[in-house]
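Two complexes follow with chain A in common, the first pairing it with chain B and the second with chain C.
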Partner chain A sequence: MTNDEIVAALKAAHPDSVVQVTDFRGDLAVTVRKSDIVKVATSVRDIPSLAFDLVIDVLGVDFNRPGDRFEVVYILYSTTHKRHLRLKVAVEEEHPAVPSVTSVWPGANWHERETFDMFGIRFEGHPDMRRLYMPEEFEYYPLRKDFPLLGIPDSLPLPRR
Partner chain B sequence: MALEKLQQDGFLTTRLDEVINWARKNSLWPMPMGISCCAIEMMATASPRFDISRFGSEVMRFTPRQCDVMIVAGTVTYKMAKVVRKIYDQMPDPKWVISMGACASSGGMFRSYSVVQGIDQFVPVDVFVAGCPPRPEALLNALITLQHKIENDRTLGKLFHGEQIHIPESSLS
Partner chain C sequence: MNSRSEETRKSKILAALEDQDTSVSVDDPLENSMVLNMGPQHPATHGVLRLLVKLDGETVIAAVPELGYLHRGYEKLAENMTYHEFIPHTDRLDYLSPISNNVAFAMAVEKLAGVELPPRAQYIRVLCCEMARIASHLVATGSMAMDVGALTVLLWTFREREKILDVYDVLCGARFTTSYTRIGGMSTDWTPQCTTMLEAFLAEFDKDVTEIEQLLRTNRIFIDRCEGVGYLSRDQIVGLGLTGPVLRAAGVPRDLRRDNPYLVYNDLDFNVVTATESDALARFYVRIAEMRESAKILRQALEKLPAGPFRADEPKRVLPEKGRTYTKMEELIYDFMLINIGVDPPVGEVYSAIESSKGELGFYIVSDGTGQPWRMKIRSPSMTNLQALPYMVKGGMISDIVAIIGSLDPVMGEADK
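Up next, the complex of A and B:
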C-alpha cells in the first residue's frame, strides 16, 4: 500500500479531520484536527488496509510561537503491513490539552505521561495523568523552550547535608 | 623494666588509636551504590584481576547496616539524591563516602536540570575520584587514600573529648 492510498483511505473515512498531509522522502505525516484524534486513531487501527496496531512513541514539540505553540506527534507502526505513519495534532499555548488515545492503544499510557511531564500537555481521559520522570511536587515542564537548561534554583529540594 | 618483660612475653605496646584505626582501615566494607556505568568499573574492581580484597574491602554488602564506606558510582539525579541520603543515614558510624567518577563528583557531562551537580551538596564526601568512568586502579587508589585518612583519625579523641560524632536527625526518628 502506497502513501497516497493510506491518505485516500484516511480521507474517505474522515473527510473533515485531515488538516494537512506531508510526504518527506516517503515518510508520511498527517496533521489531524485535535478534537478528532481519537476517532482517527481508532480507524487507523481498525481499517484492515491500514492496521497501525503499534504506537511506537507519543511526543511533544514546542515551537515557541504564539497561537498553536505545541504539537503532539504519534509515531505508529503496522506490524501486518510493516509501515510507519505519523499523526500530528496542533495544541494551543493556553491550557494545552489533547484527548488521550490510551483507549485505542493502551501502550500510549506512559508515552502520554512523559509528554505531560516534559511539556505540560494534559491528556484528557488518561487513566493516570501523573508525572513520569520528575518528582510529583515539581512545578515546571523541563522540555519547554522557556525552561532554562540548568533548571530553576531550589525548585528541586535536596536532603539536608 | 616491666615493659621489656612484657615484650619478652610476646606483648607489644602501642597507642590505642593506632590499633583501632589499623583494624578499621583494613576492613572497610563497601556499600556499592552503583547507579550507572561507573558501577561496571566498581564490579571490575572486585574481580580477580584487580582484586579489591587485597585491601580488605571485598565484602560488598547490599544492606547499608553492615557497611563502612559508601561508593557512589554513577549519576545522581535529584530524585535519586533522597535515596542515596536515606541509605547513607542507615549506615552505622563511623562511615565514609567515596564519590566515584565525574557524574557523582560534579554532575559530569550532565549539566542539566535533573542531575545534582556534585553529591557533596547532600552527603559529606571523603574521597573524590576523577574519570569517566575511572579505571579500577583509580578506585583502588581512592580506597588507599581513604585508608591513609582513617590511619590519622583521632578515634579516641572523638569519643572522650567530645569531638563531633555525627548523628543525623533522620536516623533518630
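Up next, the complex of A and C:
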C-alpha cells in the first residue's frame, strides 16, 4: 500500500476533511480538519484498505506562532498492511481543545493525558482528563516554548508540614 | 491517666502520619473494600511506579497507576541541546538496554539528515541491538521469576547478563551508560576481542537458557502463579496500542525487524516468536524464545560482519576520527562546527522506530533547520504497555499484580522520560 493509495482512500471517504498532505523522507503525514478528527480516525481504523488499528502515539507540538500555535500528531500503525501513518490537526492558541479519539483507540488515553499535561491541550470527551506526569497542583505546561528550561521557582508545591 | 496519655500519643502519631499522600477516602456503601497504596517504593513495581489498588478482600476491584516519579523532562532538555549532546540522555531511558536506545536515536537523526550508513556500521548496530535485547530479556525473565518467588533464576540470568556487559565494556568503555552511537556511525570500531568474547558467550548461551528454562518449565508454583494470569484478549491488546513481546504473546506477529526492516535485518534469518495464550506465562516464554532468536541473529551477524569504515563518509554531518582533528585543518574545522553548532538537518518532521526489547521505541523529531530539535517526542514502549495494567489486574488476586507487572516488563526510566 503506497502513500498515494492511502491519500486517495482518505480523500474518497472524507473529501472535505483533508487539508494538507506532506511526504518527507517517505513519511506520509495528512493534516485533517480538527472538527473531523474522530470521523476520520474511525474510517482510518475501519476501512479495510487502511485498517490502522494500532495507535502508536499522540503528541503535541508547540510552533510558537500566531494563529494555529499548536499541532496534535497521531502516529498510527496498521498490523494488516504493516506500515505507519501520521494524522495531524492544527490547534489554536486560545482555549486549545481537540475532540478525543479514545472512543476509536482506547490506547490513546494516556497519550492524550500526556499531551494535556505538557501543552495544556484539552481533549473533549476524554474519560479521565488528568495530568500524567506533573502534580495536579502544577499550574504551567512545561513543554510550551514560553516555559523556561530552568523551571519557575516555587511552581512545584512541596508536601504539607 | 496512663492509658489516656498513651491514647493521645497514639492519635498524635496517627495525625502526623495522616496527610494527603497517605490517606484516601473511598465511597463504598458496603464498607468491605480497602484501598492499598503500592509503591512508588516497592521492590516488585520495577522502579518508581505507584499503583493505587482498590480491594475486596484479596480481589482487585480497580487499579490506578500513577506515573511521573522519575520524570526528568528529557523532551524539554532535548529542545535545548544539539543532537549529539542528547545521546548520553538516551542511555537513561530504558536503562536495561541502553545501547539499543542509542541506535534508535541515531537512526532517527540520520533519517532526518539523510545520512546513509556503511554496511559495517549497520552490522555493528544489529549486534548492539540484539545484545541489548538478550540483556534486557534476561533481566525481565529473571526478575519476573523472582517476583513470584523463584530467586535462583534471577542470579542465573544476571550471571549471563554480566557477560554481555563485559562486551559493552570492551566495545565502548562503559558497561551501563554506553553512549555508543554517533550521528552517522559509532564512537569506536568493533574489535576482534569483542568477537572473541561474544563467541564465547554464544557458545554457552543456548545451554544456559535451557538451564534457566528448565528451572521453571515444570515448576508447579511458577506455572500456577503465571498461567492464565493477566489475560487480555487480542482485540483489547491491539486497541490499547501495546507492542513488543506482550503483543506477540497475544498472537499478533508484529515485529518491526520483519515488517518494516531497518539496518540489515533483511539479510538475516530469524523467526518472529508468537504465542496465543496472552497471559503472563506466554509472555515469559515469548521472551525466552526471543533470546534464542537473538542469539541466532548474533551468530549470523558475526559471520557476515564486513570490513570497511564504521562511519559514514560525510564530513559535514559525521564527526571525524579524533586523531585526525589533531593534525588536519579540515577535520578540525568540521569537528568544531559539529560540536558547537551541530548536525544541520533540513526543515521537516520524521518518525523513526526500532523494535526494542520492550516494543516499539520511536523518536519523532520536528526540525527547524538548526542544530537543535524544535520538538522531540520519545515514543516509549514501557509507558504504553503500562496502560494495560489496570485492565489486566482487574478481577485478579492481589498477589497476581507482581506477576503481571513482571510480565509487562516496564522500565520506569523510559515510561516517565
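One rule holds in what follows: the second predicted complex is superposed on the first by the 158 of 161 C-alpha atoms of A that agree within 3 Å, B and C clash if a C-alpha of one lies under 4 Å from a C-alpha of the other, contacts with A are read in each partner's own complex, and residues count from 1 in each chain.
Going forward, a residue touches a chain if its C-beta (ideal position, glycine included) is under 8 Å from a C-beta of that chain, and two chains touch if they have at least 3 such contacts.
The model shown is predicted, which means the values in this text are computed figures rather than measured ones.
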Partner chain(s) touched by A:Val38 [first = chain B, second = chain C, both, neither]: neither
Contacts of A:Pro142 with chain B and chain C, given as first, second, both or neither: both
A:Met134 touches, of chain B and chain C: first, second, both or neither? both
Chain B versus chain C as contact partner of A:Leu150, first or second or both or neither: first
Chain B versus chain C as contact partner of A:Pro159, first or second or both or neither: both
Contacts of A:Trp110 with chain B and chain C, given as first, second, both or neither: second
Of chain C and chain B, partner touching more chain A residues: C
Residues of chain A contacting chain B in one complex and chain C in the other: 133-135, 142, 147, 149, 159-160
In the complex with chain A, residue positions of chain B that touch it: 78-79, 81-82, 85-86, 111-114, 116, 121-124, 170
Residue numbers on chain C that touch chain A, as the complex places them: 19-21, 67-68, 71, 73, 75-77, 80, 111-112, 114, 236, 238-243, 252, 254, 259-260, 348-351, 353, 360, 362, 364, 366, 374-375, 377, 379, 383-384, 386-387, 416-417
Residue numbers on chain A that touch chain C, as the complex places them: 22, 24-25, 27, 29, 53-57, 59, 61-63, 73, 75, 77, 79, 82-84, 86, 105-111, 118, 131-135, 142-143, 147, 149, 159-160
Chain B-facing residues of chain A, complex: 133-135, 142, 147-152, 156-161
